[in-house]
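Below are two complexes that have chain A in common, paired first with chain B and then with chain C.
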Partner chain A sequence: MRPMKRFLSSLLCFIVFQTCFCLYEDQIGKFDWRQQYVGKVETTYWDQAGKRILVATERNVIASLSSHNGSIVWRQIFEEGPRGQIDAFLHQDKTLLSVCGGGHYIRSWNSQTGSLMWEAVGGQTDNGRYGWAIISLTVSEQLLLSTSDEFFSFDVSNGKQLWKENLPNEDNSLYEFIVPRGDIIFIIGISPGSHVSILESNLKGQLNSERRTVPATWVSQNTGCDTVADNFLLCYSSGSQSLQLLDFVESTTFVSITLQDIGLKVDSQVRIERLPSSVRTKNSYVLLRFNPDHVAVVRPSSNGITLVKDLPGVSISEMNQLDDHDVLLTLGKISPEEIKLTGYELGLGGEMAGLSQIIKFSGNHGLPVKMNALLFRKKDGRTAHRITMLSEDYSLQLLQKSGQNTFSFPWVREEALSHILAAEMVDLPVSENQAKFEEEFGSQEDDIITMFLKRFSTQISQLHTFTEHFVHKLLGNRHHHSQLEEEEELIRDEFNLNKIIIMATAAGKIYAMQSWNTEIVWQHFLPDLSPFNRYGEPNLLLYTQRTTAHFPHPPQYVVIGRNKKSGRGMVFAFNPITGEALNGQPSSGLHLNYELSQAAILAEMDEHFLKPVLLIDTEHKVYAFPETTSKVIEQTVTPLFLYLTDIDSGMMSGFKVSSRNAELVADKVWHINLQRKQQVITNVVGKRTVEHVHSQGRVLGDRSVLYKYLNPNLVVVTAEGEESGAALQKGPSNFVNIYLVDAITGHILFHATHHRAKGPINIVHSENWIVYNYFNQKNRRHEIAVLELYEGKEQTNSTAFSSFTAQIQPLVMRQSYIFPMQMSAIATTITEKGITNKNLIIALKLGGILSLPKALLDPRRPVMPTPETMEEGTIPYIPEIPVNTEAILNYNQSLYAVRHIHTAPAGLESTSLVLAYGLDIFFTRVTPSKMFDVLKEDFDYFFISVVLGMMTLVSFVSQKCAQRKALSRAWK
Partner chain B sequence: MIISAYITLFFCTIVIQKSFADVIESDIDSGENEFQITGRVDISSTSDKDWVPNTKIFVDGGDYFGYLKNDGSFAINGIPSGSYIVEVSNPNFIFESVRVDITSKGKMRARKLNTLRPSNVKTMPYPLEFKERTKAHYFQTREQWRLTDFLFNPMVLTMVLPLLLIMVLPKMMNSADPETQKEMQTQMKALNEKSSMPDMSEMLASFFGSDTKKSSKTKSTKRRS
Partner chain C sequence: MATKKKLHKWIVDFTGASRPKNERQVAVADLRAPVGYYEGGGGGMVEAGSKDADQALLVKKSWDIALGPVKQIPMNMFIMWMAGNSISIFPIMMIGMMFFRPIQAFISIQNTFSMIEGNQGPLQKFVYLLGNCVCMALAVYKCQTMGLLPTHASDWLAFMEPLARIEWSGGGAMV
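Coming up: the complex of A and B.
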């Protein structure tokens, strides 16, 4: 019996997988693409004489980029979170070192291939201060590393720890600098509010017992300091607005020099730009930054500080060397579309003609932030310049001399795309003719004659375009044709498969990308836009206010974020096809004068088909955006409800929106206390508004219908906590609570607790089901659970759902399964009409994007299959969900650190579009029920027509033969 | 005797296993010490060394990463005691995952990952040895029309074989022996007279071209009239 059952279930499984989405090998790259990024670049180095650029980024990535086209040569990703945070990244000669996790993990990499040479463990960070370690390489190939209280030395060639010293730390010194000077190593620590201490050590790790302290009461944790050459420490004291200079080799006091003394007239704060430690000791200049576009270069010496150059209007400058001359390179924006590069030869004083130029620079990148130049002489004596430039919008560009002394940017890496926070797919507008058609039927005021005239004119124009096309085709005028094509590019295709992907990023930049060729249609940089960031999860909101369906009104999307400077709300409404600001807004976005706590989009539209966005401030006042739409809210028949979740207090509360004295107010209607002391709310997930449910119920084996419970106001809330009686049990014991809440009435429809379970929890909430995953601590495995809600065999109200009618308690069916992999994001496919089966799209942490049929996660899966369940078509229950490599959508194009998966419907009912983003971006199509509405692309037209032709031929021939035979028989 | 020994052995393993698990669980909180997981990855089915930088070790789904050295060995540092799942991530090959248990004293044990029965212990060598299980198959193969496929199709076979039997066998027998041939002929004649076997070509013609035939007939009748 048992093997029989096994066989049966495996057979059924096989059948299920046969129907799931699979790729053919020749379909690689046909409709899927992947773009790899590295993240916001923090440090850059030049490698292999300018052929490669080594970078370390904020997304815990180190990589080598080709300077030829900006592509990634190799890339290594560290863990997310503090363990993988890059503290230091050092490249000197052939050595490439990275330090992660607060000076804990030191790794040496092969800069050519990106493979690991050695890994060593440094100090333990006990104070939770990450991003702190500092490293330095001495002449004798010795790596020096200092963390908060320890000082290490490693052999660079094999990673062996040579010695280790404890640093005295009784006065909370933060050791920030290591300066090797000949045979002596100076270690400089800062004790906030009291002094600066200097330790000396020799190369064998013997600390000079005597520790020198220099009183400096002005120094604080945020004081900007840097070492210059190998004997100066320069700090900026913000209290007295003066530079403090210390010769830590010889002197024992700080010399205070005000900015006025050296001839600088500035009233803003001054920051000292730190240099990478590998160039610090060779450098004798310091860069002071006053503003994003004002810097100055000073040079400390034993006589004080001399101003080398005051550079107003310059965003970045860098010291470099060419033929033993010190060269100062500066970059500054001189107009919205131009930057100026200037090179000064400091020894000689003048501008360098070959290095001074005005370069075109798109205003969409903001101001330049960092640069790293490589100047060298080629064999023929000419100088070569290569400059990498980082801008405010996280983009990395190469500035290079191309041909006749003109600089240009051969490539740009839009690294903001690895920091996407929200994405939407926009339908392309229909063609002009179709739009006219729409217009004809759209207006209701016209009388019969004008309508007839309109129809006549549209048909004439249709004929016109047709003949034009025809003539072009006949003439075969290719050049003209390609031009036409370019113009026509942004027009919807037959099946509406091509979309424009709108992506809002943490850099405050919005991108529109063509989904079919990854080309960026437009980009718009909002310098003041920053994400909401309350619980370490940055978030931007992106809403569709008007789709492309309402010609001649332009489509309208809106991004809602926080103002970087004031912390208040910021809104930017734009046309997703062109990127233009709408509603008469400034192109830098609309600044609100209140702080936002919540925003929501309504389903009702105003007379221009615009859906209002509700903005709720911290005092629960409600604003409509755009303001003209507030009428819609006042006029809506059904009352409006909102809910807010406060994680800090563990309270969920519902509000009713009403207008009072021409102002919108939210009144509290209900609240749920989710006991903050015991658990923390981790997820609040509603349904997607664009989703359609095609079938109201499910036909069972006995031909009766089980109706789905389709409450559009249902919200899933999860909370996690630690079991209070954990001491009694062995080991860690967490729990996960899941609540289904009606957001209108505050009614808790269902509640379940998973004991000995832990997050992180990913949730999908769609139709009448919820899928979520958790870690089972008891059995140490990941599990995935499904809840399905049914009304029962009778439907209470088939036309409209209301939360206010007597609450029916839905039947909740649930089942859980073992999921053998770990996931980082989960989503479900969505199609135009919701007829197609649903697949779950799961981003696996190992790098795959799995497409899993929802039928495998069905709480009606029977443990013992009966004829009735067979009739219904449910798969027998197997505890483990099989992961099939053929169901991996991205085949061998692994994706790591996926943060979110966005799905969108295409014009074809069978097809759903999938966009996964995180560090990389991946886009593909899925057909959960296969392509049932179009012929397969491998449909053999030739074979079919040959067979048909043969059939007719045979019938003719046989007919002739038959006639002849009949004739001859008649003669007999 | 043997049975009892077996039982005690079984009991022993259970006890050991239990105590091991207890130690792991009770010491997770006080995980002051950090340990190292070491091992090797080897892909023997390709000579291309490109897989080394593309392969990564995931401990607990990426909470800890391990990087391969050129010889395929890896060491992941800074892991507190506990139970971990160690996986190998390579875009082109599939590896078996391993569970590694580390006690608070740093005793390591590797065992086969069994999600269905987590308490089952099947120890594996430590330091870990990862060998590729298969090449990952991401793609379906396209169906192609081949003559052989068509011919060996069971439907075609059931059609063709009887036909062959009917057409070829009598002829073969005919050629064999003149006497039997005569016999057969007489038999066949008898059969032919009785049977109403339709003519093959006629049947086909009536099947495909019935309409045209009718129309031609009507035409001919018209001509006659």
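Coming up: the complex of A and C.
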């Protein structure tokens, strides 16, 4: 029996995987593409005399970019989260060093190939203080590394730890600076609220036992400080609005200098721009920033601080050296579409003619934020300039001289695309003819005559375009120009497979990309837009208010975020095809005068086919956007409910929206306390509103129907916590709770606890099922669980679903499986009508995107297969979910740090479009039930038509022959 | 064949089949009856001679027609049993035939009934009808055993409309 069973199950598995989607070699890159990014650049260095740019980024990536075209030469990706956070990145001569995870991992890289030279383990990260490690290189090729309480030295050539010293830390000193000065190393720590301490050490790691402390009661954790040259510490005290200068080698007190003293008249806060540690000691100037477009350069000396240059209207400036002269380069925006580059020769005082120019600069990049210039003399004596520039929208650009003394940007890297927070796919508008067609059949009010006239005019115009097309064809392809124009027009294709992808990014920039060739159609930068960030997870909301189907109304999308300065709500409604602001809004977005706590989109449309968006402020007041649509909400017959989850207090509450005195109000109708003391809510997931469920039930082996429990208002809530009490003795023990809550009544339909389980949990909630993953601490493996909800064999109401009359307790079936790999995101395919089978799209941490048939995650999989289950077509239960390499959608194009997968339906029922984004972007299409609605690509039209023609011919001939034969037989 | 053809060295065509159409018709119409031929005669004399024996023959022949469908039933049942319940081309063809025959019989029932004569006519007609109905019922039964009849709720599942949404909700974790 047993081998038989095994054979059967393996056979079934084989059959299932026969249907998997996989590519042929020549299909690579035909339907899919990948874009690689590095993330928001934090530090840049020039390498190989300006041929390469070395960068370290916020997405825990170090990379080398080609300065020729901006492409990635090599890229190394560290872990996500604080463990991979880059604390320091240092490039000096041939050495390239990176420090990650609070001084824990020190790595040395070959800057040409990106291969790892050595890796060393430094300080412990027990105290959870990341990002404080600092490094410095001494003259004798010694790497100095300081964490919050330890001080290390490594040999740069091989990574051997030379010595290690403990730093006195009883006064919560944060050691932020290491300054090598000849044979002495100064370590400067800051104790917020009391003093600054200075330690001295020699190159052998012998700490001078005496620790000097300089009283500084004004210093706090946020105080901006930097070291200048090798003997000054400059801080800005925001309380007294003064600069504090300390000569830490000789002096023992801070010298306070107000801004007025040095001739600066500024009333805003001042920030001291920090320099990379490798250039800090050589530099004797400090850049003060007052505003995003006002900086000043000062120079500290033993006599105090002297103002070198006050630069209003300048966004960034940088000190550089050319022929032993100090050159100050500044960049500032002078008009929305232009920036001005100016070079000052500080020794001589004048502007440098060759370095001062006005350059065209797109307004979609915001203000320049950082620059890194490389000035050198070529062999023929002319100066060459290369400047990398980072802008407010996270874009990295190269500014260089091209041709006759004009500067230009040869390339731009849109690094905001590695910080996508929300994405949607937009249908392209139909062509003019089709639009007329739809107009004709769309309206029902017209009488017969007008309809006839419309029909007539449509056909005339069709004939016209046809003849035009025909004439063009006859004339040959000489009119390349017009053809190009035709291609540029954005028109829906036959199967609606090509879309425009709208992406809202953390930089406050919105992109529209063509899904078929990755070209950016438009980009729009909103300088004030920032993501919501209440719980440390940045988030932007993107809703479809009107699709492209309502010609002649333009489609409308809306991005909802937070104002960077005020923290209040911000809304931007736009046309996704052109990027224009709609509703008479300014192109910088609409600023609300309240703080948002949630938003929701309605299903009902107003007379212009616009779906209203509900905005809920922190006082639970409800606003409609646009305001004109509030009438729709007042008149709507559908009861409207909202639910909010406060993760800080662990409370879920439900509200009923109604209109009172021409104002929308939300009345609280229920609340659930999820015990914040014991657990933290990690996910609140509802269903996607665009989803269609075609089949209302499931056919069982005996041909009866098991009806699905299709509650559109079902919400999945997960909470994680740590076990207390006896369970703790077996080692660390966590638990995961999962709740299914009806958002209308607040009723908990189902609750399950996974003991000894841990997140992070990814959830897919679709139709009548929920799939989620967790880490099983007991067996130390990843598991994936599925819940399916059924009403039973009878349906309570076969026409409508109301949470008030629906059955209280649906039938919940569940099963869990071992998943052999760690995953970072899950999504499910979605199709136009929901007829096609569903596949789960799983982003693996290893870099693959797995397409897994939902049939493998089916709680009805029987442990013992019977003829009835075979009839139903369920696969016998096997605990492991196989990861088949043929089901990896992105073959060898690995994707790392995937944050989210977005799926969208195509015009073909069989096809679903998949967009995975995170650090990189990957787009492809999947066909979970194969291409059942189109002929295969390799379908031989010629052969089939020849065979058909031949058969018709043969049947004619044979008919004639038969007739003649019958006639002659009649004569016998 | 060739030798046969050569035997007819000459032919006189009395039927007029080889003549043009208009000529032929005229010729046939012009033919007169032979001498001594009486149009109404002959038949009446035969009728009078063997009336009883014919009546019995007629009833027997009519019963043959009436029992035709009933006689098919055992054969049909045997074929049904042989064909099995799997859905493949031969059982489907067989079922098609099983349906086709009674339906054909129903369509041409007027003709068949006109052939049935004699005093047992109504009974025979009824038996004929019944036999066909039984054949039909057998075909339906076979469909049922093969699972081709949409008698279960699951067969109508694809036509069910999605549930209308009575309440609308939105929200999530606070942003």
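The working rule: the second predicted complex is superposed on the first by the 906 of 972 C-alpha atoms of A that agree within 3 Å, B and C clash if a C-alpha of one lies under 4 Å from a C-alpha of the other, contacts with A are read in each partner's own complex, and residues count from 1 in each chain.
The rule we apply is simple: a residue touches a chain if its C-beta (ideal position, glycine included) is under 8 Å from a C-beta of that chain, and two chains touch if they have at least 3 such contacts.
Bear in mind the structure is a predicted one, so any value in this text is a computation, not a measurement.
Enquirer: Check the residue A:Asn779 against both partner chains and state whether it touches chain B (first), chain C (second), both, or neither.
Expert: first
Enquirer: Quick one: is A:Leu640 in contact with chain B, with chain C, with both, or with neither? Answer first, second, both or neither.
Expert: A:Leu640 sits against chain C, while chain B stays out of touch.
Enquirer: Between chain B and chain C, whom does A:Phe532 touch in the aligned arrangement: first, second, both, or neither?
Expert: So A:Phe532 only meets chain C here.
Enquirer: Between chain B (first) and chain C (second), which does A:Asn69 come into contact with in this model arrangement: first, second, both, or neither?
Expert: Touch partners of A:Asn69: none, neither chain B nor chain C.
Enquirer: Which partner does A:Thr885 contact after superposing on A: first (chain B), second (chain C), both, neither?
Expert: first
Enquirer: Can you tell me which positions in chain A touch chain C when the two form their complex?
Expert: 532, 534-535, 539, 541, 596-604, 614, 616, 638-647, 681, 684-686, 692-697, 699-700, 703-705, 710, 712-713, 743-744, 797-804, 972
Enquirer: In their complex, what parts of chain C are in touch with chain A?
Expert: 1, 147, 152-155, 157-158, 160-175
Enquirer: How about chain A: which of its residues touch chain B in the complex?
Expert: These residues of chain A touch chain B: 22-26, 74, 76-80, 83-84, 101, 104-105, 107, 110, 113-119, 121, 124, 730-732, 779-781, 818, 820-822, 845-847, 879-880, 885-886, 888, 891-894, 896, 938, 940, 943, 951, 954-956, 958-959, 961-963, 965.
Enquirer: So in the complex, which bits of chain B are touching chain A?
Expert: 22, 24-26, 28-29, 34, 52-53, 56, 58, 60-65, 67-70, 75, 77-78, 83, 87, 89, 91-92, 94, 99, 115-116, 118, 136-143, 145, 199, 201-202, 204-209, 212-213, 216
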